[in-house]
Each structure stands twice: as C-alpha cells, then as structure tokens.
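In the two complexes below, subunit A is the common chain; its partner is subunit B in one and subunit C in the other.
Take a look at the complex of A and B:
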C-alpha cells in the first residue's frame, strides 16, 4: 500500500482533475468513462485465466510449495502490480494508446515488428500447451466432456437468443446458468454417462497417464482443432462471443469458491501434504523437467506474480475507460494483487494433495477437495466441476488465440498466402497438433512462461524509456525490467539447451517414449529440433529487443542530462 | 470518543457499498459482452453512414434519392462517424482486447 501510494503520487503524480482519454475522446464505443468498480471487475476477469492456475501447480511440483509461495508474493508486490499499473498510466498519458504504437513512437517500426513476431510465436506455444492441458483433463477425468459440450452448445444458443431473437439478456443468462449446471449435475449424478473412458482408443496404455503420440490424444486434438477452426473463422456474435460469456459464468463461481476455500483451510482442517522445498538446483539437462531455481521458477510462475500480457490489457483496453487518473491504482494494481490471490489458492489446492503432482488434473482434484470440505458437496462432484472449469477456461482462451493469430498473420503477411484467414488458421492448428502430440508440455510451459515474462520485462523497460523521455524517476521500473529480461533470456537458453541435449543424444524426452515407440525416433528428433530452434529464436529476439530498449533508455537519459 | 468514531468511519469506508458490488459483478461478468455488442452495432451503424454519405465521398451507390431522404436523420452523428473513421487503429489494441494467457 505504502509503495503503491509512493509510486502513484511521487512518480506518476496522478491528478483526478486531469482529463483521461475516456473523457477527452468519448465515442461511446471504445472511449467512455466507467466506474472504477466495473473496471476493476473487468480488469480482473481479463487478467485471471488459466495462467495463474497452471504455473503455480508446475512450480510446486518442481520446487515445493514454499518457493512458489514466496515468488508469488514478492513478484506480485514488487514487480507484478508495478507493470500493470505503469503500463496503464503510460497509456493514459498517451491518448489511451497501446504498447505497440507507443513503442513505435519512442523506438521506431523495427521494435514494433519484432514485438509482433514475438507475439505470434507466443500464440503458437501457448495454444499447444493449453491443448495438452485440455486433452489431459478430458482424457483423465472421465465425464468432463459432456458438460463441456453442454457449454459449447449453450454458447451458440445464447448467441441466437440474444442477437437474433432479442431475448432479454437476464433471461438468456438464467437459461444459460441452468443448462450449464444441469450438464455438470447430470454427469455427476449418473456415473453411467461418464464417457469416454481413459485412453479409450489405446486400452493397452493403462488408465493412469495420458501419453503423447497415442491415438486418444490425436482424437482429442483433432476435435479441438475443429472447434478452434469454427470459432476463429465464423463471425464473433455467432459462436465465440456468446461462448465466452456462457463459459465464464461457471468459471467465475469456481474461482471465487476456491479462493474462499483456500482462505478457510484453518477451519476445514486441511493441511499441506507436499514438501515445502525440494530439488532447488538441478543442473543436469537429462532431468528434463525442472532446472535450476533461477531462472526456471521465475518463468514457471508467470501470471500471478507478473505477466507480460497484462501490459497489453492495461495499455490497450482498460486505459480507454478509466474515469480518473487516480483510479489506475485500484484498477491496474488492485486487479493484479487479486490475481496473485488466485495463484496462491492454486498453490494451496495442489499442496494439500499427497503424492506426485504437476498436471492440471491435480488442480481439479485439489480444488475439489478444498471446496468439498467447505461446502459439503462430494469431492468427486467438485473435482468434475473443476475439471470442467479447466477445460472451458482453456477452450475459451485457445479459441481467442487462434482468432488473434489469424489477425496478426493478416497484418504481418498482408500480401502473401499466409495472410489468408483459412491458411493462417490451418497452419497454426497443424503446428499446435504437432507440438502437443509429440512434446513434453512442462517444457513447452517454460517456453510460454519465458515469452510471457520477457514481454513483461520489455513492457517495464518501455515504461522506463517513456519515463526517461518525460524526465521522471525510472529506477522502480528499470531495475525490475532488467531483472526480468535477463532471467527470462536465461530460462529460454536453459530450455533450448535441454531440447538440444536430447536432440544430439538422439533420445526421447520423458513422455515422448510413446511417440518414439509408435512413430519412430525420427518424429521425436523433428519435435526436439523444432523446439530447440524455437527456443533459440525466442532468446535471440529477446536479446535484440532488450538491447534496443536499453539503448533507447540511455539515449533519453543523455538527452535529459543535456537539457538539465 | 472521536477516535472511536474515526475508526468506525474508516472501517465502514473499507466495506464496499451495494452499488460497488453490483458494479464489480457487472464488470466481471457482462461488461465484455456489452462492449463487444456496442462495437458490433457501431460497425453496422458506420456501414449505414458509409452508404448514406458514400456519394459525397465519390463512391457511386446510385441510391441518392433514399440517401438524401435519410440524411437529415443521420446528420447529427456525422461528426462521430468521421472521428471513428479517421482514428488510427493498431493490431496491438485488438490483442489487448482478449484474455490471452
């Protein structure tokens, strides 16, 4: 509180009487002022997706719950909210413009173009990672599929009801809530309809693990690809927009419930069953999961501690509706602190489970156990509810990834065939299927964390450049920015080294053994080679971007010194 | 006594009002749909404006009888339409609109 007040008053010198872009450029569509409470809810909804849930699970599996807890708190309090708030303020002081145009103004077109390429790679990686999370959950928690179908159909029907038949939104929402929960209750009540069974196309693989390279995984991936294709190529109001709305209804309830349940653990009597600290310094690349705590922990938990994507949301979205400059602190900073609580509840959900953890299904089990102890509904029913929550959250965001990819491709490859929407979507879906089908998702997760965190470092450095150009103090963003940039490049280099190590040793990486068995070692080699090149490209792009920003920062500092 | 009153006042300022909770829930659940719907309706409105003033811009729609009949009803929003049309747009703004992480 004291730190945020200091930054708000002394560095940005916010003034409630200074007109914001929402008031200056009111058009009722993009620029219009709204209450800070509405904006806080909206910002929180926009920043809290699957990221703050999956990252803490993986980190707890790698290093124990204590390092995850410490990084979530320290990262959030000293870097995370700083980035969200500062990006929002930078945008407010630049006519509500987003990071891209501001980077263009301050640094030129090359920086903006590199940032776009970076985002394209980010989108591919995260779609592949989420595809694996969804497939694993659908496969291992039987019965999840039917409620998800209910939600997808309800999304399409909701769109028809609201946009075509002009049904009152409240009535349509009530119908949607009833149908969505009917699907979950139906499957929880009648175990006979909990289909399909685990690894239903590969009965020889047992029922405990989802194996990359298996027919079951391929089936689910193709199904996802069809859903993504429909969502990305049809007009927004027909399917995607109403599905997002309908899908978020149960997820909001799930999120609030798990936070309350985590806070009430002293009353419900649940305690930590996982080790507090373990395997802090693994430097052997053949232990393909995990790695040295620095830098890996800092990219494994991205959202919840600090996330680069928030800088885009804060700068291009909420800043256009901010009523007063002084609202930026509760909206930008406050929503980030709340997301940190989501991350902490995720740590709590998996830390109460005994045995091996590290998959999103563990979150469903842990959250099911936590909330079941609080509200008295059976643990199995709540686990099903949380597995539906994971799948729906992943599906909604992934449908958006593919849609946004199509638009970025149109911008970057305007005159080539890759700018065509169908070609762009199909290319992305092929890469997604390939990576999810042959890879190890925890390693790809580190790539995702790396790209996301590097975006955060770049956003912080861009704010430093802006503040330097305005002759304001910069240390509070420059130091965290440099820390994040160095840490994430180091993490990307480490992960590239892991993939390259398996590539040159001609070995499958953990779960890839099944891929090698079914499709041969060549398929594994292609996958590891592709991943190693991807990591190297990301690291090089990161270094180039960081160098540009640091040079820009010192250029503005020199100008400041001269003018003084 | 006064310090007690002050403490009570401070405590009550920490508890959000009914309106604040309503606003928060609206922001959390419906604001995105609301914004997107407005944006879609605005896009159709812009198209309508384009049809009406297109001829003045040199685009031959060949429906000038109707456009001239409709013009008085649309003249009031012409300024906002112009602003909307000439506003610089960037792909990064679209990226920010969605929750992609």
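Take a look at the complex of A and C:
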C-alpha cells in the first residue's frame, strides 16, 4: 500500500482533475468513462486465467511450496502490480494508445515489429500449453467431459435465447445456472455416467498418466480443435460470447470458494503435506526437465507474480475507459494483487496433497479437498467441480486466443493466404496439436512462461524509456525490467540447451518416451529440433529487443542530463 | 472534476460482477454494432472520404440522421490502429 501510494503520487503524480482519454476522446465504443469497480472486474477477469493456477502447481512440484510462495509475494508486490499499473498509466498519458504505437513512437518500427512477432509466438505457445492442461484434466479426472458439454451447449442455447429470442437476460442466466450445475451434480451423483475412462483409446498405457503421442490425447486435441475452430470462425454473439458468459458462472463461484477455503485452513485443520523446499536444481530428466531454481522458478510462475499479458490488457482497453487517473491504482494494481491471491490459493491447494504432484489435476484434487473441508460436500464431487473449472477456464481463454490470432493474422497478412480466417485458424490449430501431442509439457510451460515474462520485462523497460523521456524517476521500473529480461532470456537459453541436448543425444525427454514408442524416435527428433529452434529464436529476439530498449533508455537519460 | 462520494459496498460488488461477467461482451457488441454502422456511413457518406457510392441527393437526405455519428466516426477513422489493440478483442 505504502509503495503503491508512493509510486502513484511521487512518480506518476496522478491527478483526478486531469482529463483521461476516456473523457477526451469519448466515442461510445472503446473510449468512454467506466466505473472503477466495473473496470476492476474486467481487468481481473482478463488477466486471471489458468496461468495463476498452473504455474504455482508446477513450481511447487519442482522446488517446493516455500520458493513458490516467496516468489508469488515478492514478485507481485514489487514487480507484478508495478508493470500492470505503469503500463496503464503510460497508455493514459499517451492518449490511450496501446503498447505497439507507444513502442513505435519511442523506439521506432523495428522494436514494434519484434514485439508483434513475440505476441504471435506467445499466442501459439499459450494455446498449446492450455490444450495440454485441458486434455490431461479431461483424460485423468473421469466424468469432467459431460458437465463441460453441458456448458458448451448451454452457451450456444444462451446466445440463441438472448440474441435471437430476446429472452430477459436474468431469466436466461437462471436457466444457464440450473443447467450448468445440473450437469455437474448429475455426473457427481451417478458414477456410472462418468465416461470416458482414463486413456480409453490406449488401455495398455494404464490409468495413472496422460501420455503425449497416445491416441487418446490425439482424440481430445482434435475435439478441442473443432471447438476452437467454431468459436473463432463464427460471429461472436452466436457461440463465443454466450459460452464465455455461461462458463464464468461456475468459475466465479469456484474462485471465491477456493480463496475462502485457503484462508480458513487453520479452522478446517488442513496443513501442508508437501516439502517446503524440495530441490534447488533438478537434474533427473526422467521426472522433470526443469533445471536450476534461477531462472526457472521465475518463469514457471508467470501470472500471479508478473505477466506480460497484463501489460497488453492494461494498455489495450482499461486505459481507454479509466474515468480518473487515480483509478489506475485500484484497477491495475488491485486486479494484479487479487490475481496473486488466486496464485497463493493454488499453492495452498496442491501443498496440502501428499505424494507426487505436478499437473493441473492435482489442483482439482487439492481445491476439492480444501473446499470440501469447508462446506462439507464430498471431496470427489468438489474435485469434479474444480476439474470442470480448470477445463472451462482453459477453453474460454484458448477460444479467445485463437480468435485473437485470427484477427492478428488478418491484419498482418492482409494480402496473403494466411490472412484468410479459415487458413489462419487451421494453421494455428495444427501447430497447437503438434506441440501438445509430441512435446514435453513442462518444457512447453517454461517456454510460455519465458515469452510471457520477457514480454513483462520489455513492458517495464518500455515504461522506463517513457519515464526517462518525461524526465521522471525510472529506477522502480528499470531495475525490475532488467532483472526480468536477464532472467527470462537465461531461462529460454536453458530450455533451448535442454532440447538441443536431447536432440543431439538422439534421446526422448521423459514424457516423450511414448511418442518415441508409437511414432519412432524421428518424430521426437523433429519435435525437439522445432522446440530448440523456437527457443533459440525467442532468446535472440529477446536479447535484441532488450538491447534496443536499454540503448533507448540511456539515449533519453543523456538528453535529460544535457537539458538539465 | 472528481466528486468525493462514498462508495456503496453493494453497488461496488454489483459493478465488479458486471465488469467480470459482461463488460468485455458489451464492448465487443458495441464494436460490432459500430462497424456495421460505419459500413452504412461509408455507403451513404462515402463522398466525405472520396468514395461517392450514393448519388448526393440521397446522401443529403440522410445527412441529418448521420450527424450525431460523424464526430465519433471521424475520430475512429483517424486514430492509429495497431495489432496490440486487436489483441484485447
């Protein structure tokens, strides 16, 4: 609170009487003043997806709950909210412009183009990672699929009711709530309809793990691809918007419940069952391919501590609708702090589980156990509820990402065939299926964290360049920006090394053994080669971008010194 | 200018829920509606952009109905468009 007040008053000198872009450029579409509470809700919804849930689980599995907890708190308090808030303020002071035009104004076209390439790669990786999380949850928590189908169908029906038949939205919402919860209760009550079983197309693979390269995974991935294709290619009111609305109904309840349950653990008697500190350097490739705690921990937990995606949201829409400059702190900073709390509840959910953890399904089990102890509903039922929550959150976000990809491709490749909406969507879905089907997901998660965190570092450095150009203090963004840039480039280089190492040794990474068995080692080699090249490209782009921003920063600092 | 007003907790909760559940949908639908309106504006008022699609007689007959939208139309047409704006929907 004290730090955020200091930044707000002393560095940005926010003034409620200075007109914001929402008031200056009101157009009733993007630019119009909105209550800070509405914007806070919007900002939180836009930044909190699966990131603050899965990252802490993976980090707890890698290094123990204590390092995860420390990074979530320190990262959020000193870097995370700073980035969200500062990106929003930078945009507010630049007529509500988003990151791209600001980068162009301050640094030129090359920096803007690199930023765009980064965003494109980011979209592919995040969709592939979330696809794996969804597939793993659908496969391993039996019965999840049926309530999800209820939600998807209800989404389509809800759209028809509201937009075509003009049914009152309250009545339509009540119908949606009944149908959504009926689906969950039905499956939880009747175990005989909990289908399909784990690895149902590959009975030889057992029932404990989801294996990349298996037919079951391929089946789920194709199903996801069909859903994403429909969501991205049809008009938004027909499927995407109503499905998001219906999907958020159980989601908001699940989020509130797990946070309350995590806070009430002293009363429910649950305690940490995982080790506080497990490893500082993971070297066993048969388990995880993570590596040293620095830099891997700092990219494994992205959202919750700091995330580059947030800077795009803060500067993309929220800044255009901020009623008063002083609202930026509760909207940008407040939403980020709330996301940190979601991350902490995720650590609590998996840390109470005994034994091996490391997947989103563990979150469902942990959150099920936490909330079951609080409200008295059976743990199995609550686990099913939370597995539906994970899948729906992943689906909603990924459907939006595929749609965004389609729009970005249409804008960038206007005159080429890749600008065609069907081609753009299909290309993305093929890459998504390839990465999720053949990859080692923990490594893919680190790539996602790497691109996300580097985007955050670049956003912080861009804010530093802007503040330097305005002759304002810069240390509070420049130092975290440099830290994030170095850390994430190091993580990307490490991951590239891991993939290249296995590529040259002609060996599969731990979870890729099934891919090698089914499709041969060549498929694994192609996957590892692709991943190594991708990692190298990301690292090189990151270094170039960071160098440009640092040079730009010192150029503005020199100008400031001269003018003084 | 900012008025000092006490926030009603129930109203704040309602607004937060509104923001969480529907604000992005409202913005998306507003954008869709506006793009359709702009298409109509281009067809009828294309002369302003050097694209005379309708004979001026009809454009002039429609002008009074278009006047309220012309300012925001010009603002949006002249504003920078960037991929990072599209990313947020």
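One rule holds in what follows: the second predicted complex is superposed on the first by the 557 of 564 C-alpha atoms of A that agree within 3 Å, B and C clash if a C-alpha of one lies under 4 Å from a C-alpha of the other, contacts with A are read in each partner's own complex, and residues count from 1 in each chain.
Quick note on the criterion: a residue touches a chain if its C-beta (ideal position, glycine included) is under 8 Å from a C-beta of that chain, and two chains touch if they have at least 3 such contacts.
Because the structure is a prediction, the values reported are computed rather than measured.
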Subunit C versus subunit B on the shared subunit A, clash or fit after superposition: clash
Contacts of A:326 with subunit B and subunit C, given as first, second, both or neither: second
Partner chain(s) touched by A:77 [first = subunit B, second = subunit C, both, neither]: neither
First (subunit B), second (subunit C), both or neither touched by A:126: first
Subunit B versus subunit C as contact partner of A:434, first or second or both or neither: neither
Touching partner for A:404 - first (subunit B), second (subunit C), both, neither: both
Touched partner set for A:313, first subunit B, second subunit C, both or neither: both
Subunit B versus subunit C as contact partner of A:17, first or second or both or neither: second
On subunit A, positions contacted by subunit B and by subunit C: 25, 27-30, 34-35, 37-46, 97-101, 115-116, 119, 236-237, 241, 244-245, 248, 252, 312-313, 315-317, 400, 403-404, 407-408, 411
Subunit C contact footprint on subunit A (complex, rising order): 16-17, 25-30, 34-35, 37-46, 97-101, 104, 115-116, 119, 235-237, 241, 244-245, 248, 252, 312-313, 315-317, 324, 326, 400, 403-404, 407-408, 411-412
Contact footprint of subunit A on subunit C as seen in their complex: 1-2, 7, 11-13, 15-25, 27-32, 34, 72, 75-76, 79-80, 82-89
Touching residues on subunit A, where the partner in the complex is subunit B: 25, 27-30, 34-35, 37-47, 49-51, 97-101, 115-116, 119, 123, 126, 163, 169, 236-237, 241-242, 244-245, 248-249, 252, 302-303, 307, 309, 312-313, 315-317, 396-397, 400-401, 403-404, 407-408, 411, 452
Subunit A-touching residues of subunit B, taken from the complex the two chains share: 16, 19-21, 23-33, 36-40, 42, 80, 83-84, 88, 90-101
